[in-house]
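In the part that follows, the structures are each spelled out as structure tokens.
In the two assemblies presented below, chain A is common to both, partnered first by chain B and then by chain C.
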Partner chain A sequence: MLDTVQAVRRPPGRTSSGPARPARRRPRLGPYLLILPALVTIAVLLIWPVVQIARMSFQKVGLRQLRGEPAENVGLDNYRQILGDDEFWTALRHTLLFAVVAVAATLVVGTLVGLLLNRLGRRMSAFVAGGVLVAWATPPVTAAVIFAWLFGTTGGLVGWFLDLLPDWLVGGGWQNYNWFSSPLPDYTVLTICVVWMSFPFVAVSVLAGLRTVPGELYEAARVDGSSAWNTFWKITFPLLRPVFGVLLTMSVIWDFRVFTQLFVLSGLANSDSFNLSLYGYSEAFGSLNAKYGLGSAIAMVLTVLVLIVTAFYTRMIVRQEGVR
Partner chain B sequence: MRPRRLRRIALNTAGVAVFVVSAFPVFWMVSTAFKPNQEIFSSTPHPVPFHPTLRHFDFVLNGGIAGVSFWHYFVNSLVVAVGTVLVSGLLALLAATAVARFRFRFRTTFLILLLVVQMVPCEALVIPLFINLKQLDLLNSLIGLTAVYIGFALPFGTWMLRGFVAAVPKELEDAAAIDGAGPVRTFFRILLPLVAPGLVATSIFSFITAWNELIFAYTFMKDQDKATLPIMLQFFFGRSGNDWGPIMAASTLLTLPVIAFFLIVQRRMVSGLVAGAVKG
Partner chain C sequence: MRYTRAAAAAVALAVAVTGCGGKKKADDNAKGADPAKIVVWQMGDGSPEQTKFLDGVAAEFHQKHPKTAVQVQYIPWPQATQKFQTAIAGGSGPDVTEVGNTDVQSWAEQGAFADITGKMNSWAEGKTLSKGALANDQLDGKIYAAPWYGGVRAVWYHKDWFTKLGIQPPKTWADLVTAAKTIQDKKHVPGIAAPSDFTNGILSFVWANGGDVATKQGDKWVGTLEQPQAKEAVEFYAGLVTKDKVAPDKYVGKNELQGPQQDFALGKVGMYMDGSWALPQLEKIKKDQKNWGVFPIPGKTGGLAPVFSGGSDLAVWKDSKYKDVAFDYLTTLDSKKNSKAFADTLKFLPQFTDILQSGAYQSDPIMGPFAQAAASGVKFTPTSKGWADYEGAKKVLPNAVKAIMQGKSADDELKKADEQAGTLLNQ
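Moving on to the complex of A and B:
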């Protein structure tokens, strides 16, 4: 079909009227001219910077280099330095642990909500979906600020609520508890905030997937007396496996990268709670640091981690969609 | 009959619970924004303001921090977001047309490139982009910031638009071509009007990307004059002792346009993001 289109509709941009060149061998420039601006933009703004951090991670780059002095090559020094730094391992551990917990929670909550939306009546489903979309649409900055307020030390709702609960269950003194003083409470709040923002996408995607499953399958399962748990693992999950594959890899990538929320909730001053991206940022832009080479080495570690997962993601999309 | 009814009640209760949990933080933001300070910091929280007040909004809108009003940052944010929408929309439309309508060498490579660069951790790119903009003297410049956002919005925009262009029946274009319309004319008279809804959806996505972004703006725009809204929020937030009234008022003003836009395009966002995954 495509070929017919091209036969009828010649690509634009055939302005070159070199008389000597035979028409048939003239390269068809049309599509290349159309992607050129996008390609150049992506190359300059996304690909070249990745090359730059790769290069800078082997250099000493500081304020002098900002003024134009050439950077000095230091070989593997930057990597040696971060690998020998406890802060790096803490940040790496935070990044990985947070991703595991947040991704698992996001997928479970999102899937449950998706299943629920599928079971609800039409109006109820639209109503609940409306609420879910509000969570999805909230900008990360505001989400983080709102959760900082919910978990605030004075007047924070969560502290007040926890103090209402009996002491034997949750302990006391929550009203004045500082949630942003050490990594565990920090990451608890961060996880709740990130899961709250990301489960809607999972829910809506699962719902879209469920709508494609033929109803007879569930009918048959019900007639056979299958439990909800069995029905999910025997019917829903295998059929939606591609959806779950994409959702899993995307969530892992997003949660590896989480920055804005942690930046707002815990901040640059709180170095105990750094993850990789915040650690790298702080080496470069934290007060009095300006160690751009070191920051680049950390950014490189993060980029490689993300790109490994991206390889799986891309393979899945290419297989399912057929990028033809 | 009975158990079925019970089940219905249980499901609907769960539904209401999901709704409440999802919407509550945003509700709490808006509610706090209208509360006087005694109510905000009272030891028993009020669900809704008992004595609603506009003073926090007044403070934010009429020169809260150092006499610079919300509107100043609003204009900066708007300029950056609209610039991002226009340029990335145009580039994405051209590229999407190429991949949806032509078969050419490196087409697949280009598509895979689009997928991969969407996932590149932008946070990792702050350092080189900062240095590049510094050398081009584009720090503290709305143009420099817009350029960076165009790069972030473009890959997903192209990917999303590609579906919309592909959905326009080629026969329409064939017919126009047979009737003697050139490629440019066919593009403007046939393709563009039919792709318009997709273009709107993509534009809103790009708008939200630029509007919400904090880290690059925070790093590049050190002049308070050039700050965008998310940075303004940090001005309020970062100050000693959090003054939650103005913070929530500013958050509300920042958030509501995004939620409104988002509700318009959410369906397309889903299909763009998990494109193809559901086809199994």
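Moving on to the complex of A and C:
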């Protein structure tokens, strides 16, 4: 590893660099020492727990085991139990569908707002950016409680507003409409809530990207009479491709593991609306008889899923970078 | 930002894990002598009334153990499970704790509580504790907790509406539907709230009809919701939404606190089912106590439904080093005088059969019907450790009832529920 670094760093033309050589041959510990604290922190706080979860997913672990009783190895039983459970497949379907819809919506809304911010004057831009960032800074629990109230049945603002609209447009009886009792309306609210919370990050990142694009390109496009649509796809998008790649990956990761909002909105009483996180939680912690092994197995499935998706996109980005 | 948050959470987790890793060292030299303090866990937020009451109990306890301080720690109900789990795993529990009566079986099975069979048998005042409640505290013939206070659910109604519309408190299921329909027609609000996440309430209807959720056959639990009596009761309850249309579907997938309680207090629903303990909360929403009344959940053709008794018990923690002193505190807290005083402040009922039957509650318009219901017979859910999974993790009955309310076939849903009972209750 160290040798490769040296070989790469040595400029090809200069074969004899004389007195500098002995110094170069010493392993350079400096950089590794510098990243050591970060590595140790990650290893202790992230890698170790993941290893533990992987191990526990093959065991039967309850409270008695946490007290020191040896855990019984059950092989693939936990996984078998999950894969044979209808609730798992429903939860998996919900997780995937939700991720697709929410990620797409987040990126579209975020990009549009980012473009808007770029067009606004300095003050207005700061004002709007500040405004949307409040949504991003809102803790998920708070946001979820607010949305639960907005869509609630007694005094819910959304039901009240929909009832004000003419009946031929939206129908009536919205005040008493139960948004959280079946998956489709439930996930509609969840999507709005999650998109509302995560688009500001996309908007601001896109704005930051846009600021690096040279103004002459847009000027040239304008002179050539290019439409806004064309300008975006021919100039902005190709130049900001790396930014979009990162945003896409991160959104996928975030939306795959949404938990808090769904937990608050429909909760454990509506198992037909579970996603994988909530399903795992209910299995592991939902009752007093903690089942950490089973919960770990579900967590592993979720982790592997997210890893596959991210690996796929990361590879795509890296390839495109290489081609350019 | 998200990473920072995640990192902060991870650090907190790590601290929690290491923090509870160190087991208490047993200092045996303290044996026999009174300890300097004992720790008591109480559920809830610690209202001023509760604090004042517990100070009084501590003073009484000091007459017997003058050197022992009582440190009370309040644990909000929603955090109780997690707190118990951490304490069991890390050995950092209290000496005496309050525990929800539905949870006793699971915690005892997981080794949280000390076996107090001998101590209970030699506690004179404890002889008249409700037998049904005490049975719920036993596992394999040993006693792990003492019943403290309890309460039953009944139907709350608007007395002024009933008077104006000429309705009598319903005594049968048919009456209940008629009353709800009348309210709906005349008052233009839903007649009754029938939430689906309401196992303990729904069970009252099942029990009233002679059915049960599961019975023990030999040493195995068998789900019995598919039996005709239970099925009829579940269909009646779900039918309040689908067939009779006297309950709105806005409470489907919710519990009695996620809408019904508030709507009842605000006069947006005619009747709803809850315990006597709801009164303080209802009063917080609207001061209208004089217009509220209560009647016991009716049986199908009359009589009273055997009701589920919710409430709290007291247990001595297994890791406590001072179990004798702890039990002395327990009996002080659970004496007839103190348990009645405390139950009265919380709008619950004490667990002593002789007090319940003494007529102390008869003249009380709110507590009277509750005491009447409690005296007519309380039942408990299956005393299996797996009940926590059936009700907590899987919410089997709520999900079945929800599906039926949304038009699924009762036969299929209850069959599925019974299959789940077979797996979950026998683990």
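Keep this in mind: the second predicted complex is superposed on the first by the 264 of 324 C-alpha atoms of A that agree within 3 Å, B and C clash if a C-alpha of one lies under 4 Å from a C-alpha of the other, contacts with A are read in each partner's own complex, and residues count from 1 in each chain.
To be clear about the criterion, a contact is a pair of C-beta atoms (placed from the backbone, for glycine too) under 8 Å apart; a residue touches a chain by one contact, two chains touch by 3 or more.
Quantities reported herein were computed from a predicted structural model and do not represent experimental measurements.
In the superposition on chain A, contact is made by A:L66 with both chain B and chain C. When the shared chain is aligned, chain C comes close enough to touch A:A290, but chain B does not. In the superposed pair of complexes, A:F98 makes contact with neither chain B nor chain C.
Once the two complexes are overlaid on the shared chain, A:M124 sits against chain B while remaining clear of chain C.
Shared-chain residue A:S277: touches chain B; no touch with chain C. In the superposition on chain A, contact of A:L307 is made with chain B only, not with chain C.
Of the two partner chains placed by superposition, only chain B is touched by A:V113; chain C is not.
Once the two structures are overlaid, the count of chain A residues touched is higher for B than for its counterpart among chain B and chain C.
Using the contact criterion defined above for the overlaid structures, shared-chain residue A:V134 touches chain B, although it does not reach chain C.
Residue contacts after overlaying the shared chain place A:R257 against chain B, while chain C stays out of touching range.
Touched by chain B in one complex and by chain C in the other are residues 44-46, 49, 66, 136-137, 152, 154, 201, 285 of chain A.
Here chain A touches chain B in the complex through residues 1-6, 8-12, 28, 30-32, 34-35, 37-39, 41-42, 44-50, 52-53, 56, 61, 65-66, 68, 113, 116-117, 119-121, 124-125, 127-128, 130-143, 145-150, 152, 154-155, 157, 160, 175, 196, 200-201, 204-205, 208-209, 212, 239, 242-243, 245-247, 250, 253, 256-257, 259-260, 263-264, 277, 280-281, 284-285, 292, 295-296, 299-300, 302-303, 306-307, 309-310, 313-314, 316-318, 320-324, going by the rule given at the top. Put simply, chain C touches chain A in their complex at residues 1-2, 7, 10-11, 13-14, 81-82, 84-85, 88-89, 91, 103, 106-107, 109-111, 196-197, 248-255, 259, 262-263, 266, 268, 385-386, 388-389, 391-395, 398-399, 402-403, 406.
Residue ranges on chain B touching chain A, taken from their complex, read 11-12, 14-16, 18-23, 25-26, 28-29, 32, 40-45, 90-92, 94-95, 97-99, 101-104, 107-108, 110-117, 119-132, 134-135, 147-148, 150-152, 154-155, 158, 170, 173-174, 177-178, 182-184, 186-187, 208, 211-212, 214-215, 219, 230, 233-234, 237, 242, 244, 247-248, 251, 254-255, 258-259, 261-263, 266, 270-271, 273-280. Interface of chain A with chain C (complex): residues 44-46, 49, 62-64, 66-67, 136-137, 152-154, 176-178, 180-182, 201, 254, 266, 268-272, 282-283, 285-291.
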